[in-house]
Amino acid sequence: MTATQDRSAQTGQAQTGETRILTLIQAVTEAMREELARDDRVVVFGEDVGARGGVFLATAGLQAEFGPRRVFDTPLSEASVVGAAVGMAVRGLRPIAEIQFADYMGPGFDQIISQAAKIRYRSGGQFTAPLIIRTPSGGGVKGGHHHSQSPESYFTHTPGLKVVMPSTPYDAKGLLKAAIRGEDPVIYFEPKRLYRAAKGEVPSHDYIVKIGEGAVRREGTDLTLVGYGGVMPDAERAAAALAAEGVSVEVIDLRSLVPWDRELVLSSVQKTGRAVLVSEAPRISNFMGEVAYVIQEQAFDSLLAPVGQVAGFDTPYPYVQDKVYLPGPNRITAACVKALNY
Amino acid sequence: MTATQDRSAQTGQAQTGETRILTLIQAVTEAMREELARDDRVVVFGEDVGARGGVFLATAGLQAEFGPRRVFDTPLSEASVVGAAVGMAVRGLRPIAEIQFADYMGPGFDQIISQAAKIRYRSGGQFTAPLIIRTPSGGGVKGGHHHSQSPESYFTHTPGLKVVMPSTPYDAKGLLKAAIRGEDPVIYFEPKRLYRAAKGEVPSHDYIVKIGEGAVRREGTDLTLVGYGGVMPDAERAAAALAAEGVSVEVIDLRSLVPWDRELVLSSVQKTGRAVLVSEAPRISNFMGEVAYVIQEQAFDSLLAPVGQVAGFDTPYPYVQDKVYLPGPNRITAACVKALNY
Amino acid sequence: MMTASPSISNIPPLSSPIEPFSPEPLRWVAEDGRPVRDLPARYTPELLRELHREMVRAREFDRKLVTLLRQGRTTFYAQSSGMEATQVGLARSIRVGHDWVWPYYRDHTLGLAMGVPMIDLISQCLGTNSDLCKGRQMPHHFGSASKNFVSISSSIASQVPPAAGNAMAQKYLGTDEITLCTFGDGATSEGDWHAGLNMAGAAKAPALFVCENNQWAISTNLAAQTASPNIHIKAKAYGMPGFYVDGNDIVAVMEVCGYAAEWVRAGNGPALVECLTYRVGSHSNADADAEKNYRTRDEVNSWLARDPIARVEGLLAHLGYPVDAEERADLISAVHRAVDADVLKAEATGQPDWRIMFEDVYADTPPHLREQAAFVRAEQEGQK
Amino acid sequence: MMTASPSISNIPPLSSPIEPFSPEPLRWVAEDGRPVRDLPARYTPELLRELHREMVRAREFDRKLVTLLRQGRTTFYAQSSGMEATQVGLARSIRVGHDWVWPYYRDHTLGLAMGVPMIDLISQCLGTNSDLCKGRQMPHHFGSASKNFVSISSSIASQVPPAAGNAMAQKYLGTDEITLCTFGDGATSEGDWHAGLNMAGAAKAPALFVCENNQWAISTNLAAQTASPNIHIKAKAYGMPGFYVDGNDIVAVMEVCGYAAEWVRAGNGPALVECLTYRVGSHSNADADAEKNYRTRDEVNSWLARDPIARVEGLLAHLGYPVDAEERADLISAVHRAVDADVLKAEATGQPDWRIMFEDVYADTPPHLREQAAFVRAEQEGQK
């Protein structure tokens, strides 16, 4: 068994015991429910997360189950939501704050970058802010530019924050639990177009997915396709299409952006010699630029073609042209073919 | 004369006529003074820019000369400052807003990304926001993490904004004038440690430096060293040190980040086969990741070594270790040597 | 006609100033349509009928958009049903096309009443080629340069600091324009709301801030939103007057907002008006099912009973000019026909293609966007 | 001792509630040191002498830091001279080490008065190995876990929403703690300030917000900052009481802030206090020359004449316990000696090396930071 297989088996899928088929959003809810039950320090709050259960229903039922002391609505202010999370975490709670859409992290941005990200550092470790900001992100829901954006790169560029984005129910639950039990502020992006589209096995037993570990979704030898979040199903579709043409694509789901699994990506590229990176955020200064940089820096001699990228365009996210904006399987396939034919 | 020389002569330096030696900050002030005099739509405002002349004195004397109608203080709120600029621009003024330190763009972040960057797009061009946000950025002044940061990558990742950062008095004046006369929102970063350290010839006649054009600071054949803003003098020092060892380094000052001069960089790398990119922003998802990506994508076959980067570390900016955090000439030289010896 | 209306003696004549910070919402017409103050002469039956027509038009426009959504021809709606008195009244309080407006996403009734052609609003909702905003935003995020009705951003309260700036520019330029800025009750919790009002106050800018307090921000009611007893009191923090008005009484809205607008125009600085109204529909289509989880039917029904259109009808009846059932039905079917016709016209223009994605990002198209556009062009051509 | 003091009959007994929103700042001691209300019994000469000592200590600490800066041993200062009554009084209004404090960068006098050891403050300013914050921030940005004195961020008003959250957690945990959150007058314009107060109000959290209104935000005075006539009135926007106090009268600060703190602790929700004081020094060393461009010497001198330390001395003299010149000189030189000794002690611990750059970014050190640390290690070793 190769190292890659081994890692995939350990972290990419359920181990033993009972499992159920859940959607990604059900897995998110379940993680919160279990952690609320496990640890009285855990609180869930944000705009409309109480009786309403959140606009996507990620917190549906939680207030009914745990009461308004543990699960509550806040005023309409992202600075309040994030700032309150910082203060609660400093005073010893484990806040899970929801930002209704990732597009609305703007008003809470300074709280995230000046308070959440820096309090451990600036205080010499005297004060810490273990908190989670959960937020639905990404396109594909005809939301125009304020309900479709992928702002994760801003946060990956902010030292002090951990950044994760699951694409499967298994990872959604495991990463959220890891975040809640961790000691650092974690920005947890939920690919909203997979909320109900992504279904998969989720163990009944307690487990976590370690932050910082990627997963091999499909093994291959000709090209490494790296993605995270909402683009993963299309990346897998592209790989399947190429497989039908006899091309063997290895598909890696990063899951964690900060820190990311350099070892996993580099050993794959060293094997395949080709890499295509897929994300839906605008291209300039996006997170995949870092991945591409590291690949070419660390695996230069293995590269048979330039590292390719499929990303969002450097325009605001459009409404009518939603589907054209997003990388789909065809665009991903084409990028792979280009790298293969280089 | 090569294309590179030609471009450098046109845009990198003064043409003919009288010149004076100014510091970078004097050039910034002079640009505003001249534009205030030229166009009654131009207004200058921000925290403490009036009687105080700004904390770095970039606006010193302007209120005295143009009166408090044209040059004025605002309440202590970056959202107010940026937001007011958006509204003024929409209603036909040419606002130049100062954010006292780039570290404080956080509270105005949503105004920048949701309003300034998107109003042209979202309105189908019916409303536009030609405005300038000037802000001192970067380290080297023992300011700790709230007076030293380099947040430009956030803005380069935001479609709809133009982003520039001069490193010479000539460019400071020319880029600011181009921004004021342009039709787009421009984030204009001023490398604060060069405010008085950078001195250079500035023509007495009116000129602009076109946004989007880089400048060759030193020609060379062995390696292309790309930077912008505060790191440029150290990049040039590194190149000089290497020249003393017989290595010919071409130094490019990007000046504009969005849009950036891909042609200039690519033709240089095609010539030299090696590239090192220098910036002081944290590494992950920084702007140079995009430059590196494009170089390896477009000039793969010319590359004799991986593209190298010297950047800030992925930590908050420290106080005591200010000098270690910043890339200095030695670190840049070492990165070049590594690329040369690959 | 005024002889029939009760004249309440202790009400100040309408030429006199309206006092801010009234303990109860100012009201001219009671819920049953009977005036509780002298009606100013301008409220002729003709004017009241016109207002009534506009309110009915807006209500039916709302209904038709819900239908379009159900038919899958749009993707989102944010009804302003129940808030017609506020929005139609507001449109009558400013100088349309002269003053500037920074609205929010629930303001299509305001847009209609300001004379934005219905087809413009419909085109924006459908994202057709006839959309002035080129299909770039969700339904209800329109803008119209000819009306100085600035294109809406979804980001709550983000219009408030720009509105302050717009007013500062109007003052700088020496115009007699004002800037109207609208927002919901929830919006008042955002930092940008505060930043905008404080800036306008400090700059003594001619901005009229109007809170369309419909008492809910999605599922969050005013008590959970803020500990202040109401919204207009917040004006004290900015040294400006705060007016409190019954937002379901179109006469009250026009009187108070009209007064406040002219007070602002006169150079007194900004003002805040709170129009107390109610969102009788769900927050948006996405909220239609969930709504029952956070508010009672009783509450909704009690506000349905205080309908602003019924109130004008009551007033008209009281004045001896009742709107009869047939007239009403004709009015409604005329609106439906007009909407249907405009929908067809809009749909006939087709949907903007991929090119609109790359336009209007900047004034010019920089090289990297030209390259990306060329990439999509090739992709699209390859798919043919 | 109280017999000598004028007893003003219409002043309520001190056990009775203090009314918010007073038109003038509440005052117990006039500028010349004569009481204008009954002094509560706790203000014994012993206590007043202790307060006086703490205020002098803070003043001299300030002076010494300016000297250190001139000597090039620090890089920045932000004096709180002139604001000692506010900050020392605040420290006496809360339960130190039990309550939590989210302060701002001009609060070293508050820190000292709360009993943060002087060497901790000095070490932070010097960025030595003895700095609890490991040399990571500019002078005046300290924090002390043992006092629940949370490490300061430069970003103005960014401490306000976290302070609301801290108080929410205290309530959640069922403690009887409160959270004190301080800020300047300028800070009240930031959106985060609004967000924090509104959140605390809506959550009825035990937070005491205190504005140290020194009337300037760098070069921007209160009139340019906001159109509201003062700061405490802004409490109306959040449904909380706003108290107005003479911040140069330490008795008034202790009475009002002490009352407000216990009112908050009793579960009534948050409160806002405005302490009216003055920044007699420049904003910071960077402002020393420019200061003359934005405010007159007359203004500064008029406030120098209202010195809070002189006021306590006046009160002590009035009570028959004057502070004589020799005593004062001894006090001052004792502070100078203590500072000198602590500076030497701190400097002797040396400066933290490059390693501190990579610690405390996260609880663990992820691979990319280990790699970056290894890079710097190699670089540093290569330079030896």
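Some notes on this structure:
In order of appearance the chains are A, B, C and D, and numbering begins at 1 in each one.
Here is the rule we use: contacts are C-beta pairs under 8 Å (C-beta built on N, C-alpha and C of every residue); 3 or more make two chains touch, one makes a residue touch a chain.
Source: prediction; values computed, not measured.
Taking B-C and B-D together, the pair of chains sharing more C-beta contacts is B-C. Chain centres here are means of the Cα atoms, and by that rule the chain farthest away from subunit A is D. Per-chain CA centroids place subunit B at a distance of 41 Å from subunit C.
Centroids of subunit A and subunit B (each the mean of its C-alpha atoms) stand 32 Å apart. Distance between chain centres (mean CA atoms), subunit A to subunit C: 38 Å. Among the residues of subunit C, those in touch with two or more other chains are 136-137, 141, 153, 155, 158, 189-192, 195, 198, 202, 224-226, 361, 368.
Along subunit A, residues 74-75, 77, 79-80, 106-107, 110, 114, 118, 121-122, 145-146, 159-160, 258, 283-284, 313-316 each make contact with two or more other chains. On subunit C, the positions that touch subunit D within their shared complex are 189-195, 198, 201-202, 204, 224-229, 233-234, 236-240, 269. For subunit A in complex with subunit C, the residues that touch the partner chain are 47-48, 50-53, 55, 57, 73-80, 103-104, 106-107, 142-147, 283-284, 313-316, 318-321, 324-325, 330-331, 334. Put simply, subunit D touches subunit A in their complex at residues 100, 102, 131-134, 136-137, 141, 143-145, 150-153, 155, 158-170, 172-173, 179, 191-192, 195-196, 198-199, 202-203, 359-363, 366-368. Those residues of subunit A that touch subunit D in the shared complex are 43, 69, 74-75, 77, 79-80, 82-93, 95, 107, 110-111, 114-115, 118-128, 130, 159-160, 162, 182-184, 212, 258-259, 262-263.
The touching residues of subunit C, counted against subunit A in their complex, run 75-76, 127, 135-138, 141, 153-158, 186-187, 189-192, 217-220, 224-226, 286-287, 290, 293-294, 351-354, 356-358, 361, 368-369, 372, 376, 379-380, 383.
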